[in-house]
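Have a look at this one before I ask anything.
First chain written, first letter: the chains are A, B and C, and each begins at residue 1.
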Amino acid sequence: MAVAMILLFPILVSGEFKPWLLLDAQSLGATGHFLASFVPPAHSREFLLLILAATWQTIAIATAGLTLALLGAIPLTLLATESLSVSRMESGHMRPAGVAIRQSARWLLVLLRSVPELVWALLLVRIVGLGPTAGVLAIALTYSGMLGKVYAEILESTESHVSESLLKNGSGRLLALLYGTLPASASELVSYTTFRWECAIRGSVMMGFVGAGGLGQRMDESMKMLAGDEVSTMLVIFVLLVACADLISTFLRKRLG
Amino acid sequence: MSFELRGVSVRYASAKHTPSDLALKDIGLSIKQGEQIALIGPSGAGKTTLLHTLACAHSISSGEFSAFGVTPWTLDHGERHALRARFFLAPQTPPLPPRQRVVTAVLAGRLPQWSFWQAIASLIRPNDTDVAYEALARFNLQDKLYARVDRLSGGERQRCGMARLLVSNADAFLVDEPLSALDPALSLQTLAALQQEATRRSATLVCSMHQVELALAHFPRIVGLRDGRIVFDAARTAVTEAMVLALYRNTDDAVAVVATQTYTDAC
Amino acid sequence: MKRPAPPSVFDFSTVALLAALLALVCASFFSLTLKWSELFTDDALRSSLEFLRGFAPPELAWPFLIKIAAGTLETLSMSALGTGIAFVLGIALALPASGRYGRLARSFIRLLLNVLRSIPELVWAVILLIAAGLGPFAGTLALAVHTTGVLGRLFADALENLPPAPETTLRINGASPMAAFFYAVLPQALPQLMSYTLYRWENNIRAAAILGVVGAGGLGQMLKFHLSLFQMQQAASVIIAMMLMITTVDGFSFWLRRKINGK
């Protein structure tokens, strides 16, 4: 507690934490003006259609990105999981080649995860240009790291008695996984994947702000023009979108679990 | 010759024991194909480790071990794993995934025989359901063909584990305490089914159990294990009450053994 | 002996669901004009490689490293402050959101929390820039606002799931609601609340790192700055600094959570 108190002052300074700024006349004026323009929210027909298209694009970016992430995560997970190692079963520890492969898979997952998706998006926009491709790839890269890590954790925390038994009787490793571990861990795996899909939707909105398409890019454009009415419509649509994604994800979790 | 062990020592697998602790010490055993052997001894004697060693699931730290005429630990990784398909190791806790259907769980015994894609297809729609049905019928569980494993009782699960053994293609059955969750009538029935199958296939059967009286009544050869060593290895007629008592003396299982005296006397 | 009938292999609703998911995935891929073929042309590969090569070696001159350190500190402060504020506000809002002040308050506050957490930090930052100006202050506020929504909801759920006995016992014996809260509820729930907060801090450090991209200070602002001037080597240093910072905070938070839950 004391440590936190002592650190507080430099933190406040470093963060330029000046709440009184919020209340100075110029800032209040600008804020007030902006907030006033929120109402009424823009609702012309062409605008709404535009927004609908952008919303679908956001959903598509998130879904496509997550699908690619899944395809990338599955092989990495299998490499990174220890519980299917035959050599570990035999003698208590893995062969050096196995250890090396497993460690490399883990490091790759960490690397993919540590770079924030927005940074990937920034770089990718410069390589592949503006538009949804950068967003899809950025999500695919970051999320394969996240999915891979959590899948490996889920598989390793599942009781291995069943799959080890199949291994001991001569079954192949992948089949031992499918017949032994998957029935128990399937619902957790699906649950986490649908949770990540929701996050991907939020992520793709954020990436729109650096030019990766979708609702985010539209919002960025409207903010630059201080068109409060457009922004407020988009905020409302966005909150609804997240709520729907939440509902769908809860539903999927119940049905596929 | 099914199994040949000479001077085999095996270390403990778990990290609890120090690496120099030996679970099995200087084991010598010769088992011909088609023999049926009961493995008895107090808890912690090393019965499970011995079964794992016979199944090539556990590496040996010294001695010679050969199975089906080859020395598994000189083979390369892939060949040794292929050899494993010829054994069936049935652990004490039935290795059945709780949320799976019985038919799939039982048919998992066929995995070494199926190609990869056959196995995947079977996950969606089980192949060979007839085989599973008949195997379950031997244990009177045919009605549970499509039930979920977690809806079964402990005894039913144990017998399902045995049904998996029946559908496999193994030439050696290594069974760890198959009767622990079964009442006396079911125990007799299950043991009979196991032994019938072993005889039919001319497969070797090595079965560990705590029910000494059943072992003596049904198995022609008894091996007694204590503290990782073989204390006796004899035909059942040569096993006396004194030998059995000595095996279990001063262990927590001694009480159970005393209670079985009436059976052995009745032989 | 009558064979039990196999359950129908394909349960209609599950098949329909899987088909719908597949349709969603395919529609996503097709509706986006993804320039796959363009990605893999010789030209594109060459220019990507050149682009990537421009990052090495990362800029390691001492004065620049000091700037990076300052940026890192700024980012850390943003995340720490934002999370800290959210912790306090989160508890405050969790009280009505867990039903302690009636159903109407609960629904209303939960709706508020949902709105706060649905809008991503970046969007909050863009909006708050107007009120708070460029710089880390806007970033801190954005994090605080968003995280309050997240933590408030998590805390409210945790409070609702607590066994009620300790609190009701105190209330029955005449304690005021606030006192019951501090003496019974908080001690019970604190380890879990802190665990959530630390986990959220891990997330916020990533968020803080990138908020700068829209002008909210920290390493993100540095990154945007150098990228827009095509100073790739400096940008590479910033990215590496971000990764190191994130990994360190992840590890520290993991260790702290273990200590809290272990004791």
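We take it that a residue touches a chain if its C-beta (ideal position, glycine included) is under 8 Å from a C-beta of that chain, and two chains touch if they have at least 3 such contacts.
Since this is a predicted model, take the numbers as computed values, not measurements.
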Contact pairs, highest-scoring chain pair: A-C
Chain occupying the middle, per Cα centroid: A
Inter-chain centre distance, chain A versus chain B - centres from mean C-alpha coordinates, in Å: 47
Whole-Å gap separating chain B and chain C, where each centre is the average of the chain's CA atoms: 51
Whole-Å separation of chain centres (CA-atom averages), chain A against chain C: 10
Complex contact set, residues of chain A against chain B: 86-87, 89-92, 95, 161-162, 164-166, 168-172, 174-176, 178-181, 183-184, 186
In the complex with chain A, residue positions of chain C that touch it: 13-14, 17, 21, 24-25, 27-29, 31-36, 38-39, 44, 47-48, 51, 73-74, 76-78, 80-81, 114-115, 118-120, 122-123, 126-127, 130-133, 135-137, 139-140, 206, 209-210, 213-214, 217, 220, 223-224, 227, 239, 242-243, 246-247
Interface residues, chain B side, partner chain A - complex: 11, 13, 15, 52, 55-59, 77, 81-89, 91, 93, 95-100, 104, 108-109, 111-112, 116, 119-120, 123, 168, 170
Residue ranges of chain A touching chain C (in the complex, touch as defined): 7, 10-12, 14-18, 21-22, 27, 30-31, 34, 56-57, 59-61, 63-64, 67, 110, 114-116, 118-119, 122, 126-129, 131-133, 136, 202-203, 205-206, 209-210, 216, 219-220, 223, 226, 231, 235, 238-239, 242-243, 252, 255-256
